[in-house]
C-alpha cells in the first residue's frame, strides 16, 4: 500500500486527532495527537489492510521547542512502511505506552525514557536501560551537559 | 513463579564478567536448581552514547563511530550509514563502487557469521570450530587490510564513494578464497553442525515462534530462523541487490520445533554459502571506474529526515537521520538488531536450564557494542 | 615397595636403624618418588594436551620455553602457579577451602597403590584391588563438593553439585563394565587380571569376547565422565560456570586441582589398560617380552589418553539432563546386558 | 524404542565423524606464525601510527578539524615578513609556521580521515604498529616542538612533558 493511501485511511478513521500528514516526504509520516497514539497504533496493528506487525524503530528527537517520539512501523505481510510522530512538550513529557501491541516497544520505550525523559504511561517496567539507574539528566536532549563527577569518579 | 517451581529461587548474576555473555552483558537469572525461572538482561555496560557524539561531528566523521557499533561487521554498519546519507543527498554512485560495496559487505557478512558460528561452538563446549572459523576469517580480514589498511574498523565506505580502489588482482584472489572456503563450510558442518550432541543441545531450546519474533522486532537470521522468509536485500532491495541471484534460507526445524537455536545457527551457515554466490556474481559484474568519482567536497544534506535500513549480518540495521541543513547531523537514531533481539531474550529463555541460557544467548549472536551503542 | 626397601638396604648402617624407622622410611621414600613421577607425567600430559589441541586447531601451541616445541612450558607454568600469592577469599569457609584440593588429589593419588605398572604392583597387591580403586574414585567427589561449598560462590556451588551428581551416577556403569572382566577372571586383584591376559593381543579382554569389547567402550565413556572431561565437563563448564568448582582457586591450590584432574585421567586409563588392554603384557604373542613392562603399560595408557584428548577437542558438551539420560538410560542398561553376557560366556 | 536406538546410533556416528574431521587437521600445517621472531609484512596501505613530515606542513589545521576524536593539536603563527619564503615539497607555499603539532595516538581512532584531507600529503599513516608504552602520556607524539617566534601566545608547558 502506498503511503498516501495509509495517510488517507488514518485521516478518515481518526479525523482531527491526526495533526499533520506528509505522505510525499522522503520518509512519509503523520503527526498524531499524543493521547491518541495507543488507539492509532492498535488500529494499524489490527487492521488487515495495514497489518503493521513490526515496530521498526521507536525513538525520540529533541527539537528544542518540543520532543518528538517517532514510531516507524512496517508490515511484514504487505511490505509497506509508515512513520508516526507524537509531539510532546519538553517539560514533563508523557505518552501512552504501546508495549501491549509490540513486545519490542518495552525496551525501545525504556531507551526513550532514558535518553529523553519521556514517561510512558502504562509501561510495565520503566527504568533506565543504558545509563546507570542513578544517572542524572537525559543525555540526548540538546541542552544536556554531562556531569563532571559521577560517584566520585571524573567522567 | 512459586507455583511452578519448587524449592527456593536463587538469584544468579551472570556477567558482566562472564566468559560467554559475548561482552559486558549482565543476566539476572532466577534459578531453581538448574532450571531458570526468569532471566532478566541488564544492558548498558558498554554505553558510550554514540548518538550524542555523532551530533557534534560532521557527516563523514560519523563513519568511524558507526564502525564501532558492531565491530564484528563494521563494513555493513558503515554501508547502511553512507547509503542513508547518499539517499538524503541524492547522490548516484557508479557501478564499480556499488559492486565493491557488495563484495565487501558480503565478505564481511561471511566474517561475521564465522565469528557467530565459532563462538557458538565455544559456548556449547566445542573449542575447535572457533579456531577454524577464525582461520578463515583472517583471510577475509587480509583482504580488507590490503584494501583499506584496517582489519577491524575500516572507515572504508565513504559518503559517495570508497576510501581506496582495490589492489590489482583482488578479484582473482577473492574468487580463489571463495573456492577454497565453500568446502570448509562442509568441514565445519561435519565437526559441529551435524554433531548429534550439538543438535541435542540446541534443537529444542530457545524457541521463538514467528509471531513472538515479529512482535519483538527480531530481524535478520534470527527471524529467518523462526521460519519467516524476510530479507531486506530481497524484500526492500538496496544497492541493486535485486539483480543478484541468491536464496533466503529459513529455519525448517529438521530436529525440533521451528525457531530453535539450531535453526538460527543453521540459517547463518546457509547464508554464508549465499554470500559466496553473491560475491561470485558481484565480481563478474565489476566494471572499471573511479571510486572517488561522486564523493562530495562538502557533505551538507538538505533539511529533512530519512529512515534507511540494510541487512547487516545480525539483522536489519536502520538509521533514522534527521538533518537540519547543516554539516552535522541533527539526530541519528540507530535501530540496532541486537537490541531488539535481546528484548526477546526473556521470552525465549523461560523455563530452560542454565546451559540453555548460554545456548540461546549464543544463537542470538549479539554484539554488545551495538546493543549499548 | 620391596624393591625400594632392597635399595635402601644398600645404604650403610641402614640395618642398624630402629625397626619402626625401617618400616616407615620405605613408605615415605616410595611416596615421594611416586609423587615426583606422577608430577612429571602430569606435566607431560598437560603439554601433550596443549599440543594436541593446538594441532587440531591449526595452531602450534607452546613453542618457546625449553627450545624444542616448548617442552618446558608446563614446568614454567607450574612454577609460576607455585610462586603465586595464595589467595583465600574473605567470605570462604577457610578450613574446607584449604583442604579441598588436597582431598581431591588424595583420591587420585591413593588409588595408584594397587595399579600394577610392572610384574608386581607399585606398592601392594590388594586382593580387592578394583573395589579399592572404585571406592577411592568417590573420594574426589567429596573434595569437589567441599571446594564448591567452601568457595561461597554460586558458580562453584553449581559446579560442586553437578560434579556430585555426575560422578555418582557414572560410577555405576563404570563399575558394572568392570564387572564383565572380573567375572571372566574370577578375581578382584589387578595382578591376577593382568596375568589372565598374558600371551599377546588376542588374550586381552578387549578382543577376547564381544561383551568385554563393548564393556571397554562403556568404561571409557563413563570414565570420561568420572574425570570431568569433555563432553562431560559440566562441573567446570567454562562457558556456563566460569570455572565451576575451582572458580575461586588460584596459585598452588589451583595447581593441585589441575594435578588431580590429570592424575585422575591417568588413573582411569591405567585401570582400563590393566583390565582391557593387558596391562604391562606384550602385544605380540610369543615367549619373550621385547619392550619392558612399565614402558608398554604407559604407552597403552597414553594411547587411551590421546583418544580422550582428541575427543575433547572434537565434540561439544552435554547438558545436565542429557548427561543423566546417557548414564541412567543408555549406559546402565547396556552394561547390565554386558554383565549378563559376560557371565554366560564365563559359565559356558 | 526405535527412536532410542536411532539416537544412540546417530550419536556414535556423528561423534566419530567429528573426530575424523578433527583428526585430519593433525596433518595440516599450522596457520599461525611465531610472532616476535616471525613478523607479518604489513600491506602498504596499513593504517597504524601517524607520521607528519613537518617540513611540508602548511598549518592549515584541516586535519585537526576533521578528526572525530580531536587527537591532533596544532598551533601556528604567521611567518615574519622578513623571513625567506618556504615551500612544501610539492610547491605549496607555507605561509604559516607550525610551532606545535601534537598527535595523541592514545586517542587516535585510526580512521585516516586526516590523511585524506591533508593538502600536501605530509600527514601519513605508517605501517609501524609496535609502539606500546608504559605511560599513556608517551603516546603523545610531538612533530613540532618549537617556541613561537613572535612570542605572543605562551608556549604550552603541558604539551612538553615528555
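Things to note:
A, B, C and D label the chains in the order they appear, each numbered from 1.
By our rule, a residue touches a chain if its C-beta (ideal position, glycine included) is under 8 Å from a C-beta of that chain, and two chains touch if they have at least 3 such contacts.
Here the structure is a predicted model, which is why all the values come from computation and not from measurement.
Chains that count as touching both chain A and chain C, per the definition above, are B.
Chain centres computed from CA atoms place C at the largest separation from chain D.
For the pairs A-B and B-D, the larger set of C-beta contacts lies at A-B. Remark: chain A and chain B have CA centroids separated by 25 Å (rounded to whole angstrom).
Averaged C-alpha coordinates put the centre of chain B at 26 Å from the centre of chain D.
We define each chain's centre as the mean of its Cα atoms; on that basis chain B and chain C are separated by 44 Å. Separating the CA-averaged centres of chain C and chain D is a span of 52 Å. Shared contact sites, meaning residues of chain C that touch two or more other chains, fall at 56-59, 313-315. The set of chain A residues touching two or more other chains is empty.
Listed for chain B are residues 128, 132, 135, 191-192, 195, 197, each touching two or more other chains.
The chain pairs satisfying the stated touch condition come to A-B, B-C, B-D, C-D. Only residues 43-44, 47, 49, 51-52, 87-88, 212, 214-217, 228, 230, 235-236, 304-307, 309, 316, 318, 320, 322, 330-331, 333, 335, 339-340, 342-344, 347, 372-373 of chain B touch chain A when the two sit together in their complex.
Residues 10, 12, 18-20, 34, 121-128, 130-132, 135, 191-192, 195, 197-198, 200-201, 353-358 of chain B are the ones touching chain C in the complex. Residues of chain C touching chain B in their complex: 53, 56-59, 154-155, 158, 230-231, 233-234, 237-242, 313-322. By the touch rule above, chain C contacts chain D in their complex via residues 54-60, 63-64, 310-311, 313-315, 329-330. Within the complex formed with chain D, the residues of chain B that make contact are 53, 57-58, 60-65, 67-68, 128, 132, 135, 138, 145-150, 153, 155, 163-164, 187, 190-192, 194-197.
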